[in-house]
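The structure appears below as structure tokens.
We just call them A, B, C, D and E in the order they show up, numbering each chain from 1.
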Amino acid sequence: MKKIGFVDTTFARYDLAKEAIRKIEQEISFKKIKKTVPGVKDLPVACKTLIEEHNPDIVMAFGMPGPEEIDKRCADQASHGIIKAQLMTNTHIIEVFVHEREVQDEGELKELAKKRAKDHAQNVVKLLMKPKELKKEAGKGKREGHENAGPL
Amino acid sequence: MKKIGFVDTTFARYDLAKEAIRKIEQEISFKKIKKTVPGVKDLPVACKTLIEEHNPDIVMAFGMPGPEEIDKRCADQASHGIIKAQLMTNTHIIEVFVHEREVQDEGELKELAKKRAKDHAQNVVKLLMKPKELKKEAGKGKREGHENAGPL
Amino acid sequence: MKKIGFVDTTFARYDLAKEAIRKIEQEISFKKIKKTVPGVKDLPVACKTLIEEHNPDIVMAFGMPGPEEIDKRCADQASHGIIKAQLMTNTHIIEVFVHEREVQDEGELKELAKKRAKDHAQNVVKLLMKPKELKKEAGKGKREGHENAGPL
Amino acid sequence: MKKIGFVDTTFARYDLAKEAIRKIEQEISFKKIKKTVPGVKDLPVACKTLIEEHNPDIVMAFGMPGPEEIDKRCADQASHGIIKAQLMTNTHIIEVFVHEREVQDEGELKELAKKRAKDHAQNVVKLLMKPKELKKEAGKGKREGHENAGPL
Amino acid sequence: MKKIGFVDTTFARYDLAKEAIRKIEQEISFKKIKKTVPGVKDLPVACKTLIEEHNPDIVMAFGMPGPEEIDKRCADQASHGIIKAQLMTNTHIIEVFVHEREVQDEGELKELAKKRAKDHAQNVVKLLMKPKELKKEAGKGKREGHENAGPL
């Protein structure tokens, strides 16, 4: 059975991991390992240690950076760290970040969060179980959270 | 007994570490290792060597970047380094940075510094002793130093 | 026979890899390894694991970052990761990124995508089979996707 | 006897290392290793090889980035590299950078350079010989080159 | 006899390496290893593999980033990679980048390119053969490509 790691934050304003886990459960059986850290900057090492201790097939890292300039910098630092953690462990860590500035109000933000978590969860299932399906979608302008842009 | 590392700077304008240590002492018994360096750029290697020499369960790194553009760059470089140090040691380093530009005057800055140090100290206790509590707060819009944003 | 890796994304709006593969097939016989991931941030680890599992002579990584500020940041993070992956594996990963902001409309974007993929494919053939030809073109102001700037 | 490394550049417009060395000599006896490179981007590897060849207790890296946008980027790249070099060697490299944009004219720049070099030299002495003194100054708003900001 | 590596690009609009090689030949006898890659982002891994395969005493990496925002980002990514490659190999890689935006027209750009290549070549000779001369020039405000700024 596949093993999937989930690392999320208390800073986020929506339970992204729960949404993603529910989506994956609809599709496959899997062993779940879950960790919560305070903020996005704590994600890289949390993902890395989760990977080295539990050896999951893939990890999802969830975060909701705030609207300020400093929040953008933090998210950027976190993303660099998440990429480094992947390269050090040879394991995919699917970054699911929802930025407050992407939408106009809290209602839209909630919808975006929900849809993005589910769309990335769908990607995780494909990466693990259906790589051929992903290949068919190469260059198709898929989007996570927003409507697909579609192919040119 | 848990062992916690604290690294702070002479550049900071408030004794963030003291505040954090006091907060943690109210909650748990722990062995404390403390180091002071000049500025935030000195934090990454100081944390890494502290970790390798003393093997703490977790480290807190404190800094107060100044208000200028160059200060923001320095803080950014330091943050990248702190994330790298975590990935190289598989140890959480909770970054407690207070930026002069976050608030309007020195009075507010002092209050922010105090509250942020304490809130992060609380997170450290949870990471070490009560990971389940953190899990319950996933996606709850917690903030350190400012009022909680709350869940959507 | 040379072995070439291709990693592309479902986020891209054009099948860049197909274009590149077709171009290379016109010139040389080669063994192809292909992987598709969701977005550009998933490219670094996908390239690295492809390299370590399949030992290709070279890899091409394709992406089409969107037009927003956040897309630029993601592309930047991905590029840093791709450079790191190269340094960790001692293998060239030719980054073929087409940015939505480079041109005015979707028609131009499609033409740019097509031409850039082919031009980089041509570079891959030269790197693998004709390093002397590349040397002759040093400092000649070659461009991929756009018209050559030419030498000063 | 303590061993201290000094790496500076021909790009800088003031002999920062000389100033720092003189200051340290007033306080302690030490063995000095000195290297000069062209610019700040050459500092990271120069510091790292100096450390691995000579095993100093600490290193000082001096630079004076120019006033243009490109100079800021170079300084940023150098700083990231210096932090990486520290993490790879577990050795403090005290970065002493003086930015042309910090002050209005060349007279002020010279004074800033002089004072910053001396203040960082003082920090080096404390890091090596008087760590307890540094601890007492934690959170005291110390500045290098400029007047101290002081505690809140 | 000293061994020097040269890596340049087909993207550049001037044969920087040729200019540098000619300059060095006027001063010393050396063994030359030369490689050409498409663009600046290909330089880091090309330099690293050249170093590991040929073990040169020093490497020069040449590039001419274009005038657009995206070109600046690419140059920045390349520079970070070149610094990393140096730290991984303990070998100096002298970065010779000429930015289109530095000057007003193509005539000036050509002169800048020529002079910068020669000035950096001169630095390479000093780093290899005359480290004492470099030490004498510490803090003297030397510039590569432009007129020296001179000491304060």
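The criterion applied here is as follows: contacts are C-beta pairs under 8 Å (C-beta built on N, C-alpha and C of every residue); 3 or more make two chains touch, one makes a residue touch a chain.
Computed from a predicted structure; not experimentally measured.
Touching chain D and chain E together: no chain. To fit its Cα atoms onto chain D, chain A must turn through 145 degrees, a value rounded to the nearest 5. Look at where the CA atoms of chain A average out and do the same for chain B: the two points lie 25 Å apart. Centre-to-centre, using mean CA coordinates, chain B is 40 Å away from chain E. Multi-chain contact residues, meaning those touching two or more other chains, occur in chain B at positions 80, 84.
If you draw each protein chain as a dot and join the dots that touch, you get one closed loop, with every dot joined to exactly two others. Ring order, beginning with chain A and continuing to chain B: A, B, D, E, C. The touching residues of chain D, when paired with chain B in their complex, are 72, 76, 79-80, 82-84, 86-87, 90-95, 99, 101-102, 120, 123, 127, 131, 134-135, 137-144, 149-152.
Chain A makes touch with chain B in their complex at residues 8-18, 34-39, 41-42, 44-46, 48-49, 52, 66, 70, 73-74, 77-78, 80-81, 84-85, 88, 106, 109-110, 113.
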